[in-house]
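Next come two complexes built around chain A: one with chain B, the other with chain C.
Then we have the complex of A and B:
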């Protein structure tokens, strides 16, 4: 039952006097058969963390364990992991067949078994008849599929993927993402997928580890990450969010000229109020109604993205159903239905109206 | 009509641009070279007898034991020097490509330094350093009281030593550039599926730098085969490398057609390597991106 544990994993670059901490005391456990995404902006240390699992970076501290066994002293060629890289991953002087068979040949498997396994893995990624081609004769998407086949054919305990689709165009990215998810489900293989694309993470992962500046911000199911971000960074980074400055005082949080209820646990202090664009309803003018002028309406298929200039709150972004008739330049009144109150580094309080 | 005349104008401008170097190339290099080649296969002009075709000059060359030994010596020096160059430069280039330490910068400067030293200066420096009563000899005598130092000066090893030194920068430059074309992820992918360092080198890196490898091989072979200054100043009186032999035949023995024959033979040998070079450079990379 392959499980993966990163324990206080740490990586620092640079000199002793001027260290740059790329990964700081990272603790992540990946369950057997789980698909975990490490998500974060570029430079957050997510790729470094993955490369430490694969063995291409040496940790400055901490441990990496597969099935409770430390693999930290193994060179990359001895680790039971297989990696799919971002780009330039196939060996250009070998045919697709030889690219996939390379690792099997190193393991001295009999020729007919190699043939069978190469063919099976090519079929798994939908490229059954591509064995005789050179990488240069394949499209970018096909090349990455071969790279996935090459990793899977070795039956690794852990499959590692380092932004494998980021060089592909949007449509192909979505399709390959779905195919990868299907393959992973069928094989029940434990996988760690690094990406900066939150949509990719939200649609692929069983759980997402959000990283920022080398630190783990939150490790949760996609729905939880979206609904209950634990830190301001996660709230801002995942999905769209209206971030407003507020002040808590006696069961009320004051935002601009508006007052919203706040839980008793909130201390009287400045706070950040986070409202998802979809957590609003259009209302009549009256008590507790917010108003503003619509500056831009974009039709995004099944809903509308609306920018509203509020006199005291600045620019707000709202997602509204198409059933509501709205136009540029009109005034609109609305109310938040749900929001989060962030105070300091503590997890936020959720308020539903 | 307008487009046609514009097309012709562009065409004309293009040819006008390449005309001066092309004319110089043809008039000063190809034409005299062609003439020389033709002269080596023609009988001498005598009054009343028409000139005819003959291979006598080449038979004479190969009948002459000195000429033969000079040719073999040149080929031997070329092969040994090229082999030593790879032995020295390959580890150096691998180090420069894969090391991220600060020392790599210093090593690179040292490796490229000979590029800025003219061959004649190098030759005299080596005479002062490795020659009889030179720096090394004197040092061994004074410090270790050792008098058995055998100088490479005026020996084949002197030529080879200097030629290797002289060709290191070019070899390292081309090999390092070739190695830099091999992406890290290509190597890491091979490590990842279980290949050891040696296997990565032989099955991934080496095939991927085949082209720069062949280029550096061909250009080094041709350059070393035709070298003059270093063998002239550091080499033995006999056997001689072809460049020195030609010069001597031409100016000391005043044997113009003999020197021409030697030159054409040298050219033929180099053009075999040249053909390999041209094939390498122009080959379509069907299997490569």
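Then we have the complex of A and C:
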């Protein structure tokens, strides 16, 4: 039952005088059979973290453990991990068969067993009859499937994937990631999947580790990440969010010209109020509600995306049901049903109305 | 749907094939280029070739007036020639092999490791070739003389090694640089050791470039005369050195012509071999598909 633990993992590039901290004090635990996504904007240290697990990058501090055993002193070719890269990394001078068989041959398996396992892994990724082709004769999507087969055929304890589908078009990306997830579920393999695409992470992961500037922001289930972001960064980065300035004072928080209830634990100080576009209802009364002018309405299937220019809140994005009749340029009155109050670096308070 | 009864195109034909005017123009240019190249490259070579088999060739005649192999017999009967040929071949092979052993690991390091002074060192190899060689050789000769290397095989090997550095470092370095590191990492990842990664992943991909560098090195060493002449005399006499002295000292053109023909032989063999090999290799590995 392979588990993976990153413990206070740290990586610093650059010189002593001008250090670049790519990964800072990262703690992530991956359970047996779990599919964990590392999500974050470009340059936040996702690849560096993954490469330290694979052994291509030496940590500046901390530990990496598989099944509670440190692997930090193992060279990459001895580690029980297998990686799928963002770039196409099939060896161009070898046929697909030989690409997949390479690792098996190193393990001195008998020829007929190698044949069987290569074939089985090719079937697994739906390329049963591609063994005789050279990588240059495959499409990008097919190449990445072969790369996945090449990693899976070695039955690694941990499968590492560094944005494996980001070079592919949107439709293929969605299809391949679903296929990958299915394979991972069937094989019950432990996997870490790096991506900068939140939709990808939200739809695939058992849990998501959100990173920013080398640091872990939050490690939770997708639904929790969406509903209860722990930091302002996560609130802003995941999904759409309206960020408003507020001021807490004695059980109420003043946002714009309205007062909303706030928990007693909030201190009297400025705060950031985060409201999801869908956590808003349109009302008739002016009590506790803001008003604004609709500047843009787009029809998105079962709901409408509406931009509202409010005199004291600025521009807001709302998702409203199609049952409500609204048009460009009209005035609208609305109030939140649920919001988060962020104060300093503490986790936010949730308020439901 | 309406079907257009007139044929889609009317084009001139050549040898039964339809040829558009554009193809025709391109074709004509190709033929012209070929002829020009032939005249420039093959012309002089042809002259040498004819001279080697000419017993007599007076000015106005377009071709030799008497043909024969007598100069071949005479040349091949000479001791200095029969010993110079194996000497030249052996020397070129040794220098190429040594150069590969020294330069290829260095080239790999240049491509993969970013050490201080890397750029300067790379440029210094160019410097050797950027200035007139002769002065350099004379200076080296003075040093070699003190070391007792003048007139010896190690001396000539050393001086010719210097000549090969540029080709054998620059070409492989850029070839190694073009190999994505991730390809090597992927091989490490599935369990291959560093050496295996180099020999089974990296090397096969730079092979065409390496073969070209080796070939150039071999051929240029085989023809190299200046260094071999200054450092090698009197003990070491290569074919190239002999050819120079024959051309300089003999009034009869044929000796020089015969020796140059003999000098072509190894390069022709190597080139045809290389061409076949390189083509096979690139096609089978799917490059450029």
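Just so we're on the same page, the second predicted complex is superposed on the first by the 353 of 353 C-alpha atoms of A that agree within 3 Å, B and C clash if a C-alpha of one lies under 4 Å from a C-alpha of the other, contacts with A are read in each partner's own complex, and residues count from 1 in each chain.
In this text, a residue touches a chain if its C-beta (ideal position, glycine included) is under 8 Å from a C-beta of that chain, and two chains touch if they have at least 3 such contacts.
Computed from a predicted structure; not experimentally measured.
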When chain B and chain C are modelled together on chain A, clash or fit: clash
Chain B versus chain C as contact partner of A:76, first or second or both or neither: both
Partner chain in contact with A:17 - chain B first, chain C second, else both or neither: neither
Contacts of A:323 with chain B and chain C, given as first, second, both or neither: neither
Which superposed partner A:93 touches (first chain B, second chain C, both, neither): both
Those residues of chain A which chain B touches in one complex and chain C touches in the other: 54-56, 75-78, 81-83, 85, 87, 89-93, 102-103, 106-107, 134-136, 147, 150-151, 154
Residues of chain B touching chain A in the complex: 183, 185-186, 188-196, 199, 203-204, 207-208, 286-289
In the complex, chain A residues that touch chain B: 54-56, 75-78, 81-83, 85-93, 102-103, 106-107, 134-136, 147, 150-151, 154
Chain C residues within the chain A interface of the complex: 180, 182-183, 185-193, 196, 200-201, 204-205, 285-287, 289
Of chain A, residues touching chain C in the complex: 54-56, 75-78, 81-83, 85, 87, 89-93, 102-103, 106-107, 134-137, 147, 150-151, 154
